[in-house]
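Chain nomenclature is as follows: A, B, C, D and E, assigned in order of appearance, with residue numbering initiated at 1 for each chain independently.
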Amino acid sequence: MKMISIKKSDWAGAMEKVQKSYRLAGPVKEKKGHTFRELKDGETPDLEYSETRMSVKEVVLPQSEVMFSYSLDENKEGHHILEEVPFDETPRAAVGIRPYDAKAVEILKKNFMTEDYKDPYFERRYENLTLVGMAENNPSPVNFSTSCGTGPFDESCLDIILADAGDSYIGKALTEKGEKFAAAAGFAEGDSGVEAKLAELKEQAEGKIKSKVSFDKIEKMTILDLYEAPFWEEAAFACINCGTCTYACPTCWCFDIQDEVKGKDGVRMRNWDTCMSEVYSVHTTGHDPRHEAWQRTRNRFMHKLKYYLDKYEDGIMCVGCGRCVSQCPVNIDIRKVCQQMNDYEPSK
Amino acid sequence: MTLSEVTSISGEAGNFEVEVLKKPRYVDMNKCIACGACVEKCPKKVDNDYNAGLNKRKAIYVEYDQAVPLKFAIDAENCIKLTKGKCGLCEKTCPTGAINYDDKPETVKLNVGSVVLAPGFKAFDPSVFDTYQYTKFPNVVTALEFERLLSASGPTLGHLVKQSKDHEEPKKVAFFQCIGSRDINRCDNGYCSSVCCMYAIKEAVIAKEHSGGDLDCAIFYMDMRTHGKDFERYYEKAKDDGVRFVRSRVHTINPVPETNDLEVRYVDDQGKIQTEVFNMIVLSVGLEIDGSTIELAKTLNIELTPGNFAQTGTFTPVQTSRKGIVASGAFLGPRDIPQSMVDASAAAGVAGEGLAPVRGTMLKEVQTTPERDVFGEAPRIGVFVCHCGINIGGVVDVPSVAEYAKTLPFVEYTADNMFSCSQDTQDKMTQIIKEQNLNRIVVAACTPKTHEPLFQETLMAAGLNKYMFEMVNIRNQDSWVHKESPEKATEKAMDLVRMGVAKVALQNPLAEAQLQVGQTAMIVGGGLSGMAAAETLALQGYETHIIEKSDRLGGNALKLYKTPKGEVIGDKVAELVESINSNDKIKVHLNTTIENVDGFVGNFKARLKENGEEAFLDHGIAVMATGGKAYTPDEYMYGNDPRVLTTLEMDEKMKSDDSLVKDADCAVFIQCVGSREPERPYCSRVCCTHSVDNALELKRRKPDMNVFILYRDIRTYGEKEYLYKEARDAGVIFVRYDLENKPKVSVDNGNLKIVVKDHVLNRDLEIEPDVISLATAIVPNTVNDLAQFYKLPMNDDGFFIEAHAKLGPSEFATDGVFLAGIAHYPKPIEEAIAQGKAAASRAITLLARKEIFTSGQVAKVDPVLCSSCGICVNVCPYSAPSFKTEGPFAGKAEINPVLCKGCGLCVASCRSGAIHHNGFDNDQIFSQIFAVNA
Amino acid sequence: MEFVGLEEDRLHFSWISSAEAVKFADVAKQVAEKVKVLGPNKKFVKRYPTKDTE
Amino acid sequence: MSEYEPKIVSFLCNWCSYGAADLAGVSRFQYPDNFRVIRIPCTGRMSPKFFLSALREGADAVWVSG
Amino acid sequence: MDAYTDKIKEISKKILSEGKVDVVIGFRKGTLGYMSEPYMAKSEKEAENLVFDCNCRMNLVNYVTNRKDKVGIVVKGCDSRNLVTHIIENKIKREQLYIIGVPCTGLADKKALLDLAEGEITSVEDDNETITIKGDGFEKKVAKSDVLQSNCKTCIKRNPVIFDELAGPEVAELEISDRFADVDEVEKMSADERWNFFGELLSECTRCYACRNACPLCYCPTCFVDESRPQWVGKSDNETDVLTYHFLRAFHDAGRCTDCGACEAACPMDIKMRYFTRKTIKDCVEKYGSEAGMELDKRPALDQYKINDPNEFIK
């Protein structure tokens, strides 16, 4: 495990260097604040940010991704056969992601990279990706990552962790991938003080997180009890069923497969889908098991906080980043809902 | 029967024998496909009558491009082959062998029950006037010639140019009114031709549109007669648009030396002589009856008026003097399109009164092939590409197009035909459809507008639903217009075929809804037009109900005295009421109002309040004859002095020979009281005639009475003009006033006094009348609730808006509802009665069908997607959509296929995408769009 | 459409009665001419993804 | 630029401009071949969706005529 | 604002207890200091939770669509105009409604508040003149006019057009000199500039449809972007599809939009999609002299079929 310490003034140079062998994604300051996206050549990931509206999910599971292309032209060879689209094998790195967002990638893996089934699109992106984290010294008021088995300094899912130590970034390469990246970037080696400093920053940061959720009791309740709990209609009343929370969420993994054809050429692509939308659940018969708006909201929370919990027995499907809380147009707050679920006492 | 003329009619009403001479066409109508190849080859050029002789046509010709039937004819007088026996080029050229030089005239005998005469008019020929030098100066043209010059399909393609050799654009154009009208000195046409003022304004406005706003148009007139519906507004707008109106009759035109211009001398309003130079002069020629029509009238033993129009009675406006023969159009007097349409319908209605018992006795049944159920089958498309002789094949590579079509999805069969529309090809197609088990057909040929029905019959003969068809236009819109670039035209043809195939693949069989038409008529209003409608309906055998809100039939006519023709109105109305009351098909509901109406064409249901009690009346059609009333004036001391009367009150006094009238030594009529004012910007049409007639009557009763008529324009249109002349001859004094300087009425020492500015003398004139008659405006009765029940539109003045201002004056856009009388626009008795009969006649065309089949190409709501916003209900001009009131989808919209005209307005307006358009559905149009690029 | 930046001459509206063949041909010529001046349309055209969007 | 032949999707009202186009054919008026006609029952049928769709699919212009 | 809140509570309790309504739809305090959450009170007790303040950014008319019960609803001027459109378009019946009107002095722009904050915001107070932002260790006062939502700056109807009861005295309407300055500016650009402007504007759109779902006008059972026969709008984040969505949505709202601003307030990416709808408002005002939802018996401008004056007075 190699310590890293790099002067802030050297950061841009290091990134320029690393771009020779890596494609980067990271936070970029734009007019309206920081966004997280793929970087163009020469763009530097800006680590001086507080939050990005979109997460690292875009890198492993893009909003729209072409899976196959095909031709319907019978005069062409291989018509009506799905052809794989080429994939750029250049190593990629997501630089400056929050440690708890990396945890979200781990959660996504539970869906896309299981023992029995590996989604090739996700897998190739994941395997090719180095996760360079940027710890968060000042977690936002809506951050509750520490309740979700991760935190602003969680190293468990990263390849490199960096943290802001005044005029330099300090950190460590946590994996082999991380070390390769550090070498490619030419990060200077840090001294033994780095470890201690990291621990100190971590303690400070975690101490700043006031917001918490508990799901200990949810685990023990039956699905049916929770499903039929009386508070759902009220909790979901305000929900307008937009896709904001699901798209902002680093762990929401649903997608929809679509064909787009122009003339005789077509592609099959997959796009993020959202369980908030009615077309998500409606059957071809026209029947919709979640026809009412509040039922869709209930489903989202039940999935994140109960179904997932029961199925994987590894906490909730949430890393506590707080994006959904701050972006929700009507202020539906997962912390409050989780509390309501946890506090619920089936009358029985 | 075209190219035919009636040579004699014998027999009597109910059983006429008509002899018709059918002249040869020299072209077989069954073979001619109107491709026009013959015209291109024909070497003989002839003056084109259609364009008033302004350009040439060929000896083989069709009069104009939209002629019906669209079949060519040979002009025997000019054809070289027929006159000299040489040439024969057209016969060689014709791809279908339609030319027949041996065609002979034949006489056809017809046995008919009634005869309608609609021989029309001819435009007055101004050559007889040496003053206007029409024959001498090329830039003096008739209005008809000018009309053709302005027309996009005319000889200059709508580009206005002088007719002198320079062909420059004119800068100044003068219109002279009353050429061959209102003139007995030089042309013997004492009547007013009624339409010329309006057409001159229209031509002036359009000329300005075509040539740019700085074209100066001046109209020289005597009285501006814009008495038709919405005409006064148009007149005012023309003034605003800069058309000049000069009240003067021009006496001489002199050429300006060295130029093609013309100098005009006239006396202006102030009596001063003016001269002005114009580049063009348009003679607004009147309408007159052709000599051959006068001959025909003699042959048929029909009486004519002094103006050689058919003699009719005020209460029998289309009935000629010979029973069983009715007339319509300009033969009844000079008139415009809407009035001719009214006459035509009325004539048909009256002609049908005598035929009702035998209706439907001579029909034949048609054989049909049962329709194959193609539900669940994948599309199997047949594409037939037509050469149309060389018309398409000469430009587009037809075999390649057919070959290309084979590669398109779902296309199972393709062929190219020489003439797809020929009978043998049709039979072959029928056979192929069956053999190949095709379920959708594309024909790439000419235009669906002429040939779709033909191919649809072929489909039906082959047992396919006729909507499983798409026509691709590769002739009119491709080969004919891209002759110079055959490759591009072929490419376009392939694109169009691809689009057609994409569309037809998504086509489903469509059903045509069938609807029973209730055989009962309801007429709202028991005035003259309502009664006239009832009479025609009942005589044609339909149960008819008249709903009258007052306690007696007759309406406004009850207050009138006599007609200009001298008929006593009271007696005539009584006769009519008697005939209504004695007809057991007619039920009169007096003291009855309509509380509500549900339903739609063929199936209306009205809730009535009859003498205070609720009643229901199911009816198949309704006629709005709700009438109008006299406007109550608040000027000219009306209401403050008992000697100031309205016209209707004057009629009462004249009827009873009241002392107010009898003892009067001086009477004044004031015209346009409440009409042609900013708040009522329309002419009430009847008042001039009425006042002139009453003035004349006063003079007859007491020749030394001083009678004045204060007017703005005298509008005694048609043969009513004779009255105006008679009144002037009898010494009635006409004084014109302006809207800005209205007459002032006061009481001075107990005597009425009127001050009015005389234009000729240019000073105030004082009159002390004993009685004043105010020609008050006619305002429509308030019928907002009815309008709402039937969803009928009204204009700003409160008159109903008819289906079409010109072509549909007696019906509404809403199916099954018809319109007559003053509810449409103010009109005199004969026009009100004619329109009553017209409305009835239009209604009968619907009732007689007993059931209506609708087009399959209508809009349809998917209730699951409907969001009930009501935009379709609101936006539909035909009231086809409504909300369901019951069932699982209550509150959602539904569209009555019977009322739907298939325009698609609702489909495009529906935000929710809930409305499907059968035959033009979104997915079909999208598929065409998607197929634009290969 | 103009508001979002489509060139004015990419959309044409006209009223032509069924008798006005000349006007039809004239308008057709004008429309084609104006569109040729503009060159190929790039706006609103959907670029269909054919390979990986990155 | 002379090479450039735009594709113009024209939506013509069945009763008006479609008739005029037919008549233009009868009269043999020659005009550019860039138009691909879609016959609609009435210009009222025209929905903004069709404009958008035509442009999206690569038409260079849209002409609606009633 | 507290006075409004008190009055709303009072009215709500009254109408709930009298059985005039089954529920009252209003706002309650959110979990974040700068947010208020749409809320439905079903009892007098729940009515205690109701509040009204400058954080009530959603348009509650969105929540009454197709309700079958009797509803009390809290509406601002703009919302009340949407209510009118809702009634005209058969989304709810006037008889079902008890309308609690709020004479409105405008909403506070969420982004502006967050920019001013120096940490977590715990509360935002509003006395119609001044906004007080309180938070963890800071308190800031700003003139309300400085933090207004942009739609509130050009509001033409601050007082409700229909109501059964008002939550406070009517306020003076704004005098606006340059109502469409933003649209005018875009109109002045060249075609290419406009194209780029809107490309930029929408570049971050994720098609979460918060704008659509926050809009009371977007009540179609199936939105055109979800139509499948044919599916002519793609579902990806393709720029043409994104533009098509925003563009056609504005078309659908033309003549109906009241510029309530809920769409922009809802957008997680701060996209100013009101440029589209405001253009339609401007056109309707200029071409038809029509404002949406001002009268109960007047359908939206583009909903009407009028027989044009037949102006071909051909003989």
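We take it that contacts are C-beta pairs under 8 Å (C-beta built on N, C-alpha and C of every residue); 3 or more make two chains touch, one makes a residue touch a chain.
Values in this document were obtained by computation on a predicted structure and should not be read as measured data.
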item	value
Shared interface partners, meaning chains that touch subunit B and subunit D	C, E
Where subunit B and subunit E overlap in contact partners, by chain label	A, C, D
Averaged-CA centre spacing for the pair subunit E and subunit A, given as whole angstrom	32
Length of the line joining the C-alpha centres of subunit A and subunit D, rounded to whole Å	49
Euclidean distance of C-alpha centroids - subunit C vs subunit D, Å	9
Whole-Å separation of chain centres (CA-atom averages), subunit C against subunit E	35
Shared interface positions of subunit D, touching two or more other chains	18-19, 21-24, 26-27, 29-31, 49, 52-53, 56-59
Multi-chain contact sites of subunit B, meaning residues that touch two or more partners	65-66, 481, 864, 905, 922, 926, 930, 933
Contacts with 2+ other chains: residues of subunit C	1, 6, 18-23, 25, 43-46, 49
Complete list of chain pairs which touch one another	A-B, A-C, A-E, B-C, B-D, B-E, C-D, C-E, D-E
Residue ranges of subunit E touching subunit B (in the complex, touch as defined)	88-91, 219-222, 224, 227, 229-230, 232, 252, 299, 303-305, 307, 309-315
Complex contacts: residues of subunit C adjacent to subunit D	1, 6, 9-25, 27-29, 31-36, 38-41, 43-46
Subunit A to subunit E touching residues, read off their complex	32, 35, 53-54, 63-64, 141-142, 234, 237-238, 240-244, 246-248, 256, 258, 260, 269, 271, 274, 277, 279, 325-327, 329-333, 335-336
Sites on subunit D touched by subunit E in the complex	48-49, 52-53, 56
Touching residues on subunit A, where the partner in the complex is subunit B	74-75, 262-264, 286
